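Labels run A, B and C following the written order; every chain starts at residue 1.
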Amino acid sequence: MTTTPLRLYQVGTFAAGNRLLDPSERTVQSSADRASSITSGHRACRGCGEALAARVVMDAAMRATGGRLVTVNATGCLEVFSTPFPESAWQVPWLHSLFGNAAAVASGVAAAMRATGRDDVRVLAQAGDGGTVDIGLGCLSGMFERNDDVLFVCYDNQGYMNTGVQRSGATPAGASTANTRPVGSGIGNAFGTGKNLPRIAMAHEIPYVATATIADLHDLEAKVTSAMSRRGARYLHVLVPCPLGWGSDASDTVRVARLATQSGLFPVFEAEHGTVTQVTPIRRRVPVEEYLRLQTRFRHLFTEPGRPDVVAALQAQADRDIARYGLDPEEES
Amino acid sequence: MRRQLEGSLAVADTVARCRPRVVAAYPISPQTHIVEALSELVASGGLAPCEYLTVESEFGALSACIGASAAGARTYTATASQGLLFMAEALPNASGLGLPMVMTVANRALGAPINIWNDHSDALSQRDAGWLMLFASSNQEAVDLHVQAFALSERTSLPVMVCMDGFVLTHAVEEVDVPEQEQVDAFLPDFHPRQSLDPDHPVTIGAMVGPEAFTEVKYLMAHRQLRALDEVSAVAQEFESAFGRTSGGLLQPYRTDGAELVVVALGSVLGSLADVVDELRDEGLAVGALGICCYRPWPFDEVRDALRGVTDVVVVNRAVAVGSGSILGQDVRLSAPRGTAVHDVVLGLGGRPVTRDVLRRLVLDVVTGRVGSDSLTFFDLDHDRAAAELARELADTVPANGGGS
Amino acid sequence: MKLDVRIHGRGGQGVVTAAELLSVAAFDQGLHAQALPSFGSERTGAPVTASCRISDRPIRSHDPVSHPDLVMVQDLTLLRDPAVLAGLPDDGTVLVNTRRDLADLARGGLVMGPAQHWVTVPANDLSRELLGRPLPNTALIGAVVGITGLLEPEAVAGSIRRRFAGLGEHVADANVRLAELAYDLVATQTRGSGTHA
């Protein structure tokens, strides 16, 4: 494919910066011949973190597999906004079956590819946090323990956004959702609940587990590429802010994701066979408050009289994970 | 080759000869012997290339089959009872997406109370799931129906359920002519799916359909199901020419010519029923039997034709639709010619044997007017026990004089 | 020609295997046959029944045998259950695994239906001798062959051999020998005083 030589004065500094990198380090998205696996024109909300993540993940996986990719999608926002019949945003073979079975369906696809001599075709399953940590956990755990050759990507927006923002097993403590309203002395979603799926995945000792956010697309692409270079069950957990459900500004999606990592609330790391092998250190550590204040789901923590105790508890949670994963380079040294 | 072997093993051998590429199954009695045998065949390489997935649940089993079928592989699973219900969400998904696959249902009762024995509650509860449903009356037919099912499924691009009575057939050792590999290969062409997940030709399968088109999609599904009736007959006829024996098809009438009373039933009870019909014919009673092999789609016209001129129809229901009556009986009523008395009878639930004595008594009770046609009859019921329990419940809920316990 | 057998025993005694072995032997000699287990959950020691039909005509029915020509009782303690002899006609046969003789059983109140033909075989003892364990199955099958005269001893031996082939030749041999021993014993008994007429 021919490309027009780029002149620096034609574009903003971010894009130009990408092109100043060594070609091997450039993002998939910066390439004119990227797969564009999800075309524009789909029905995602403005500022949707999931749509951005899915595009980046899919294009990276397409590049890593040379276009030999099939994807299975759980029910959820991604499925709904991308395939309103008779339209489809997908430029890859795409199958949606049910909410809770994406992992098992993907296992079936992978088995079929193996049995029919098409091992070169790789399988990527994707689901939201509901379809991953809650209703889809049984099938996902089965896929993990059989070590089926599937990369399962969870786009975690921390709740059931498609059905009107109810809590899921991935909703953080203190968050207000449609069914965890901070009424009376309530704080929203309770402490001591929820599950940490990357750690559950690691407990299965599968070849590869990683977390990422849409705040670092280079990192996200690199992890998809790394995942696709391996065989067996792999799990990628991507934090994707949801302006609708989180009450954040549509223009703040990337910023919110970045603050989630920089506050320590969302550790970014890689693990192989159950052991953490790589962490992304925090560059500029921020108090959790900086992250929480951008989202109306945490507003009740800051309106008079406020809940400094809850904020402190969340800060403690972040501090614990920073220590656990060694995310603070200064503390580590 | 004719062999004396267990029904499950005969079915497993036959399924293997149909060369499935993916088998996914979760163990549940009485289906286990079938999938155990298949897992062994896969492990020994006797079925290569084939992948056997030991899934975490029946929901996972059918989901894996959905993925495998969508990826273009011939796909098989087996289940029973609660397992079928655990698949319930995925059943209409497989049919709605038009994915061919074959599933054996080793028919077993549904709980509560938990019961592992045979009746038809499981399969009949899923009658509207959009699957073709075939019922085997013997192990020979079970074997033959599996070969036919793969052909049917792939021609119609619909999933097919082959129902065989749990334990009664699955665990019965009897003589079966298991089709030879060459015969099956000649009968069953390679699987060429209508749609398949293929990077060279990307398709979107499972899009969301709104009110503007949903009704039309459902209309087409209903249309396709009914059109499959012709395929069921056609495949059965082709099977007969290829294998030299009659198996499957829509209906199996037995001595219905000139019959005034016809007993309609599904499954393994048909053998005993034929024996009883012979006995009663010898005694001068004009009785016959009508086996329903193809339960879904329901052969409306064929059943109506088979029952024309019959005065009394007795429906043997091996499942209850609590709150409304019977299931098979309601289908039969749709097709019974005007003026026919339909005697709707429930028996043989949860493994209670439907013996020849019971069937004989049933027919004679209908003839002598002891089994009516105005309401559902529980036949072979321990009336004393049921009445005692009802009386006790009544005493518990309506305390005499407002006191006591 | 037909023979309907009902087998009563306990989980682990090989009730279902016995029915299958008889059916396979019958099939091998060109007859039609069917073995039907009536399963419970898989628990050792629980009462289990199985049916076997043998006929020179194809068998259509799949209901359990309710009018047996012969009832095989693998465990004596089951005899107190009235279901064991249910449906057995007056000229039917009861084959019991016991070292006690018939008079002794009668004294114990275990013999009902005086018109029936009773045969006892110490199958546990025979099995203990040959196999080192009380597995009454094959001995009782040998007895059925002796009593009914319907099955060819060679067909039965073949069916036993195939069934136990996986356990080694000596196990298969011992089981065939067990069947033969019981066959001989029954032959003597039916000629002698063991029958209950």
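Observations, loosely collected:
Convention: contacts are C-beta pairs under 8 Å (C-beta built on N, C-alpha and C of every residue); 3 or more make two chains touch, one makes a residue touch a chain.
The structure displayed is predicted, hence computed values, not measured ones.
Averaging the CA coordinates per chain and comparing them to the mean over all protein CA atoms picks out B as nearest. When chain pairs are compared by their number of contacting C-beta pairs, A-B comes first. Between the CA-based centres of chain A and chain B the separation comes to 44 Å, rounded to the whole angstrom.
Measuring from the averaged C-alpha position of chain A to that of chain C gives a distance of 66 Å.
Averaging Cα coordinates per chain places chain B and chain C 34 Å apart. Of all residues in chain C, none touches 2 or more other chains. In chain A, no residue touches two or more other chains.
Per the touch definition, chain C reaches chain B in the complex via residues 16, 19-20, 23-24, 27-28, 32-39, 41, 59-64, 66. Those residues of chain B lying in contact with chain A across their complex are 21-22, 24, 49-51, 53-57, 59-61, 63-73, 75, 89-90, 93, 97, 197-199, 201-210, 213.
Note for the complex: chain B touches chain C at residues 4, 6, 29-30, 116-117, 138, 165, 167-169, 171-175, 268-269, 271-272, 274-275, 353-357.
In the complex of the two chains, the chain A residues touching chain B come out as 67-70, 72-73, 79-80, 83-88, 90-98, 100-101, 104-117, 121, 138-139, 141-142, 145-146, 148.
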